[in-house]
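In what follows, structures are represented as structure tokens.
Two complexes are shown next, each including chain A; its partner changes from chain B in the first to chain C in the second.
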Partner chain A sequence: MYSKDIEDFLKKNNISVGDRIEISGEKGKFEGLLMPRVQGETEVLVLKLDNGYNIGIGFEGTEIKLIEKAKPKKPEKKHKEGKGEIAILGCGGTIASKIEYKTGAVYPAITPEELRMTFPDIEKIATIRSKSLFSLLSEDMNAEHWKILANTIVDEIKEGVKGIVVMHGTDTMTYTSSALSFMLQNLPAPVVLVGAQRSSDRPSSENEMNMLNAVYCAKKDIGEVCVCMHASMNDNYCYLHHGTKVRKMHSSRRDAFRSINSMPIAAVNYMNDRFEVLSKYRKRSQKGSLKASTKINDNVAMIYVHPNIKPKLLESLSDYDGVVIVGTGLGHAPTNPFDDRHARPLLPAIKKLIDSEIPVVMSSQTISGRLCMRVYAAGRLLMGAGVIGDGADWTPETAYTKLCWVLGQTKDMKKVKELMMTNIAGEISERSVMKEEF
Partner chain B sequence: MYSKDIEDFLKKNNISVGDRIEISGEKGKFEGLLMPRVQGETEVLVLKLDNGYNIGIGFEGTEIKLIEKAKPKKPEKKHKEGKGEIAILGCGGTIASKIEYKTGAVYPAITPEELRMTFPDIEKIATIRSKSLFSLLSEDMNAEHWKILANTIVDEIKEGVKGIVVMHGTDTMTYTSSALSFMLQNLPAPVVLVGAQRSSDRPSSENEMNMLNAVYCAKKDIGEVCVCMHASMNDNYCYLHHGTKVRKMHSSRRDAFRSINSMPIAAVNYMNDRFEVLSKYRKRSQKGSLKASTKINDNVAMIYVHPNIKPKLLESLSDYDGVVIVGTGLGHAPTNPFDDRHARPLLPAIKKLIDSEIPVVMSSQTISGRLCMRVYAAGRLLMGAGVIGDGADWTPETAYTKLCWVLGQTKDMKKVKELMMTNIAGEISERSVMKEEF
Partner chain C sequence: MKIGIEVHQQLNTKRLFCRCPSMLAEGKDPTVVIDRRLHPVFSELGEIDRASMAEFEKSKLFEYQAFEQSNCLIELDEEPPFPLNRDALMTALEIALHLNAKVVDEIHMMRKIVIDGSNTTGFQRTAIVGFNGYLDTSKGKVEIPLIAIEEESSGIVETKHEKTVYRLDRLGIPLVEITTDPSIKDGEHLREVAEKIGLILRATGKVARGLGTIRQDVNISTEKGARVEIKGVQDLRMLGKFVRNEVLRQEKLIDVIDELKKRKAYPVKSKSVDISEVFRGTDSKLIKKEMEMGGSVLAIKLPKHAGMLGKELQPGKRYGTELSDYAKHARVKGIIHSDEELSKYNFSEDEISKIKEKLSMGERDAFVLVVAPAKKAEAALAKVMERANMDYVPEETRRANPDGTTSYLRPLPGRARMYPETDVPPVLIDEKLLGETKERMTGSYEEKKKSLEKILNKEMANRMLRSRHLKLFEKLAADGIDPMLAATTIENTVVSLRREGFGLKDVEGSLTELFSEYKKGKFVKAAIPDILKELSEGEKITEVLKSEKLKRISGKELEKIAKENGLDIKKIMSGYRLRVDPEELMQIIKKLRK
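Up next is the complex of A and B:
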């Protein structure tokens, strides 16, 4: 609710959340849809502009005019929820946000009817069934949500769906895609995560392109967790990425998602039935039955190495079951092998963690490239202390979710190391000279 | 020193560190230069292969053959250290590592003579003077080193040099380049950081290309801190990057350094006098005299947001003077605006830090793109709590060094915010549609 003043004013002027209004004030004239109040800002009207962005405008001293009432919802045509070839699972995020604004609800919600209304072409590609699991911003997702999501996917597969599409916020989409990759092995159906970078009131071409391509991919002969997102600034195709080898590399661009140390699975466009394979992927038809190991340990810290980092920070992690270090370069952290008098090595603190049976896993803040801890003294010292990761080319996010998953399977230090260094879901690529752009 | 067994064996067989040897064992036959022992590995011989990589081979059960003794050092031709147009300051790192292996010394050291021997063409470009400041791996560098380096640069400028080249390890090079950019404003001479991604025994074309281009750039009409590194996988040119807008984006490739949310200053090649300007830069001839504010506060934490992150981690930072959050997407951290029952919001802990006068600054793990905290509820809540950064397009590293520097100037919360959001050294670009690749 807005403040009483505002609510009274709106009521008197027959304005409701969702209506198109014009606000004139000191900063100019703005037209857009009135949004629901955001926590803590009772005196600020939130307006969704036609460019998709929200602005807040102080109520005081403004003139407000109703332009158009929100269209009343059409009475829902009853659509019997059939079996459906593809199950669409909603986890919130921007891709679902259109509905939020239309209904004036505070959180994203996707009903099967709303999905069909938003993406009318969807059933030209496949019959669908859908379920809303969470209504949150993806940065609020954690291991609890991964478990619910993984278990729901298992249920859907048992129900006989041909593929699963997961609508997900983009911020932490690749944490979820990599976590699911470890939790659900030998998939008999693809699990395709999809999202949108730009919120919009009408089904934007981005939302639609991503969504329809995701459904298109979910029908293919694929047996792994993947991410389907825009490939370019134009709306002409998407990339289907391996779930463990992809990362959001731009805060706002539609083509923000990039495969890291790997090529995408394919370039895809449902419109002209394009599925151009770019790298090897697991097929659903491959042998092996679904192996769901959804146990996961969320008591894992992730620490970013930087100049001035204090050994104390590492020392304070003794309550965790595991630690991922986002190190520098080939997999480094301050070790001070040359006895510089100003250096503050983390090595003793790292060693102490490992000696008390808390596995420490390396990753690199360079994002691209492979860890090689044998080149420099720092890497060799860290390896000597028992830091895991030499030779891996995982992203920091995949290293993190993998350690969470491995610690859900075992706490034996030797087995943890063995599992971490075994390629389970494509997270450690074979060595090769990477020629593609990074 | 290696273990006594190994030392005895080497002595008996007239093998010294630096000699070319062949080791045959279980894993095959390896030829390379014997390296000095690394801490903690007394029973493992370290061999530098011709491809530039080091391998460790257990001494036991191997056969070792001397191939060639290291050439004795030529008696040094006395070269009077003159004034020099360009000052070269050595901070260790791979670019200096060649000398390490030749001399058998444990750490990098650059004397003026060694520099001239390694890069014989250097004085065709400029007369040089040089100084070795530190001998360490760059991940061991911190604010203490930045201060010494900044003060030395001020001294060199007072001595009248035309430009400064800083030989630096690549791992944390862009932390240093951004820190120096804030510490040394209105530079009357360029400060060019240079390094090498691949260590090598002989002056590799990479080392040489980077180094000679750096010296070439240090003579130009530039008045800012920059980074000169390989632009492509070929040895045909370098990019000169703005010191605040560059990042190491690959663990091993020679073209690992990329400008972020900016174009490089120029594409350069000393060989054909190419200095192709790609973006605006500050000229040394511009008005304003050198402003050295080398005070810096190193009591700043950097926290990477990830699923499962515990509020406790943030709560434990009350001893710090500032905190940089490497958030998700447009500048997010868990805030749980939609009351999800599994979410663990960091918002209260962040608010508590700010309320106790510890500034909290946002950056994004997407690396590329601008922060925009007005789009989603999470961003608005964080801004409401006082998190600084909306609209900035700095890298996490630059956000970090800037906060360290700002807290060296003031602790007043209002002034900290003002300074943080003021573009000081190109770290916040003007808004524009970025068309280049990211």
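Up next is the complex of A and C:
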């Protein structure tokens, strides 16, 4: 946005963004298209010159003349949804977006035509239909979106699609993948979440490889929610991860997504029809056996244990229906078993939450590894107070979405504990896999 | 004829969008090697013919070699860029000011789409810094409409069959691009302009020096021909030759086109034919080898083209070469055509007549054949047809060959495909930034020239102005060292010692040390080469000066020697040349004679 002075001036002179204007001042004369201001100083006009460059010219002391109004944009054609083997659902993110060169703005690309333009080879793999559900940044996704998404998937499966691909921002993708894993059980078709670490407006975006592999996987005999993302810094193959066992482990690299305490389902590359199975996975269930329990409780908090943490942080959570603690090591939080005079144990506050029927679930900051709360006094004391989680090898995110979902099914403390500790969607593994690197 | 030039100069700062040093990793093994693909991006303006582009470009794989010393995740396109390097920006602003340009009020970084693999991102980041500058030359004013700051591309290592290999140690080094208007008169003038821009850049003391740190692209358009950009001229002495050859090429090309028009050869319509069977059991090693590896021989008839493919356009390069350069874009090694001496490929008479038969060729027709895997050969012949149908001089970007000829690289980009680099925030050029820039600005090239001519003779002033050690010289002269002595040491002594095998590893450090000791009177001028020899072998100056061979003799000691030698200057100097200052000796003798 420009400053109020500039906006007023432009309005008065019937100049809008995209119009061809001439700016003259002490530095010379410039002709070009007036660009919108996305960031930075608001007293400087941004002009696109005919050579394609944008430059900033100070507004003060310049004379501005309208040369030509921008041609009005053609209205977008309404598109009809056809039949397709694979349904592609858009939840925002940058995997498929188009840039408007005039304004530099980015819009989601979602109609089948646009998807075909963005991914020209897509229909060599499968026929597609598509639907845009939301257009938002992935941090803004919440339980409401999960519900809408889950219900849409149910509808699409009823309509008879062979598989679902969900385009999603990467930041919170694994919350969504694990939440869907609990909400949609006995899937007769795979649900594959896919995103891109490099936005689609760059030629180097890995969106195409990820997307085409996701569509490729969506045709396979898989009955799980999974995540399909780059396996390495190379553009050579992707990993298909279990939806409850995957986490974003790097802020920017293409291969940010890693399977935690598990192997990926497979290493895949549609180009040479590679589907190299790396771990057991659930096959498609019989049609009609889909168990959709899309009720979910969004009143769940998650806190991160850290030195200096104060009991009052936990005390302030009494309005929540459930709490996930991201504890240290094997599943710990300050309990002060040795009566150190400086220590500030959380134990009484945790106890109070549990006593008032607010379940408290443990997970670990180490991300990798299993919770073993029997080993040290802290763990034993927390277990004694009723903290749930000993023996689980879930990620904090999966523990969180699971508690949201469980609390959508029941509020009975005993049942909550029972459900939490029952493996529902592969979130708790019986055996800890041995990998060279974890 | 119109000539313009673009000068690309690397800056001597850290990289433009990360904090890696702008250092090449010559001789080092890559730390990481990765394979990538690029694809054209969605354009609402429909600037890219997506379908054909995709077909053509997508089969391409790029290999990138990254080096621990020079690169980080940013060059690998695995991390978003840092904000624009302020040091580099100030240098670019300084250069703009030296070129009499106006400075933009705000820098907006753009993405210029380049999908030949030379940038891991698929685009080059570039921004206008200055505009409306000019240069005074012997043939009048040359306008400089544009000064930009941009990032260097990756260096190409090799083009393999299935992929192109690049090294990333050059990627992201800051570049300043200076573009003149097309008002340069001729080759000689072009050289003057290029040289002068080079001098102005070097006078700042903030640009990189050495092979490949400055590159020139020449824009030439002829009246009847077209605009052509010749990329990557490194040697200024070659500029004139490139201009002459390009003018010649366009003239000859027009002759060929006129003749083909006369013959009514346009539009060129033809279909490719698989003639592999002609070569079953051939004696042609070239064809045999390719066919054994699964290649096919595809050929195409060019009606009414007989004799035209062999017309020379540039020294050693024919019209057929132009077709071949296009074919190479489909990754074949080249083409074989009917105007060539086919016996050099060991084609038999029988084979040649069979080719003609298969293509139902008449007397005035020509053929082109390609041997490669069928799909590739097909694509190559499609490129040949695309070129053959251009009944005009095409606008092209051409590569500068070392021999002064050029080869087709790609079509000249139309309206630049640029869009904002949203990962890099705009930079406001406010009074503070401009003030800081002016504060650290060195004198202009003209000022420098004048002040050097005051303290050095004309020839040495000229050499110093071009020297990569200008800054060192200025420092020494300001320190009170005799300018001529400092200049000859830098430009003559150091250079001739290097030729003798006594190259200094750190010229600046060694000379600073040397002259600081010299000022203290520790040795005489004549000893400088010998001292530098020792320094080149890693000796410390303090140690070197302990040697009886080089330590200065003066005062009482010198008086004693003078007396011992009967005040014979010649005798004394021949015995103690390296240790005695002749002027001091003269004075002592004068004193003793009295």
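Just a few scattered comments:
The rule we apply is simple: the second predicted complex is superposed on the first by the 332 of 438 C-alpha atoms of A that agree within 3 Å, B and C clash if a C-alpha of one lies under 4 Å from a C-alpha of the other, contacts with A are read in each partner's own complex, and residues count from 1 in each chain.
We take it that a contact is a pair of C-beta atoms (placed from the backbone, for glycine too) under 8 Å apart; a residue touches a chain by one contact, two chains touch by 3 or more.
Just so it is clear, the structure is predicted and the values come from calculations on it, not from any experiment.
Of the two partner chains, neither chain B nor chain C is touched by A:K415. Contacts of A:K124 after superposition: neither chain B nor chain C is touched.
In the superposed model, A:K280 lies in contact with neither chain B nor chain C.
Touch criterion not met for A:K69: it reaches neither chain B nor chain C. Applying the stated contact rule after C-alpha superposition, one finds that A:S252 touches each of chain B and chain C. Contacts of A:T335 after superposition: chain B is touched, whereas chain C is not reached.
A simple residue count on chain A separates chain B from chain C, and the partner touching more is B. In the overlay built on the shared chain, the residue A:E208 is in contact with chain C alone; chain B does not reach it.
In the superposed model, A:G56 makes contact with both chain B and chain C.
By the touch criterion defined above, A:K27 lies against chain C but remains apart from chain B after alignment on the C-alpha atoms of chain A.
Common to the chain B and chain C interfaces on chain A are residues 38-41, 53-56, 252-253.
Residues 32, 34-45, 47, 50-51, 54, 73, 76-80, 102, 104-108, 110-113, 115, 120-123, 126-128, 131-132, 146, 148, 415-420, 422, 425-426, 428 of chain C are the ones that touch chain A when the two sit in their complex. Contact residues of chain B toward chain A in the complex are 38-41, 53-56, 92, 106-107, 134-146, 170-172, 175-176, 179, 199, 248-253, 256, 298-310, 313, 316, 326-338, 340, 342-345, 364, 366-372, 374-378, 380-381, 384, 396-397, 400-401, 404, 437-438. By the touch criterion stated above, chain A contacts chain C in their complex at residues 27-28, 35, 38-41, 44, 46, 49-58, 98-102, 104, 109, 114, 117-118, 120, 198, 200-205, 208-209, 232-236, 252-254.
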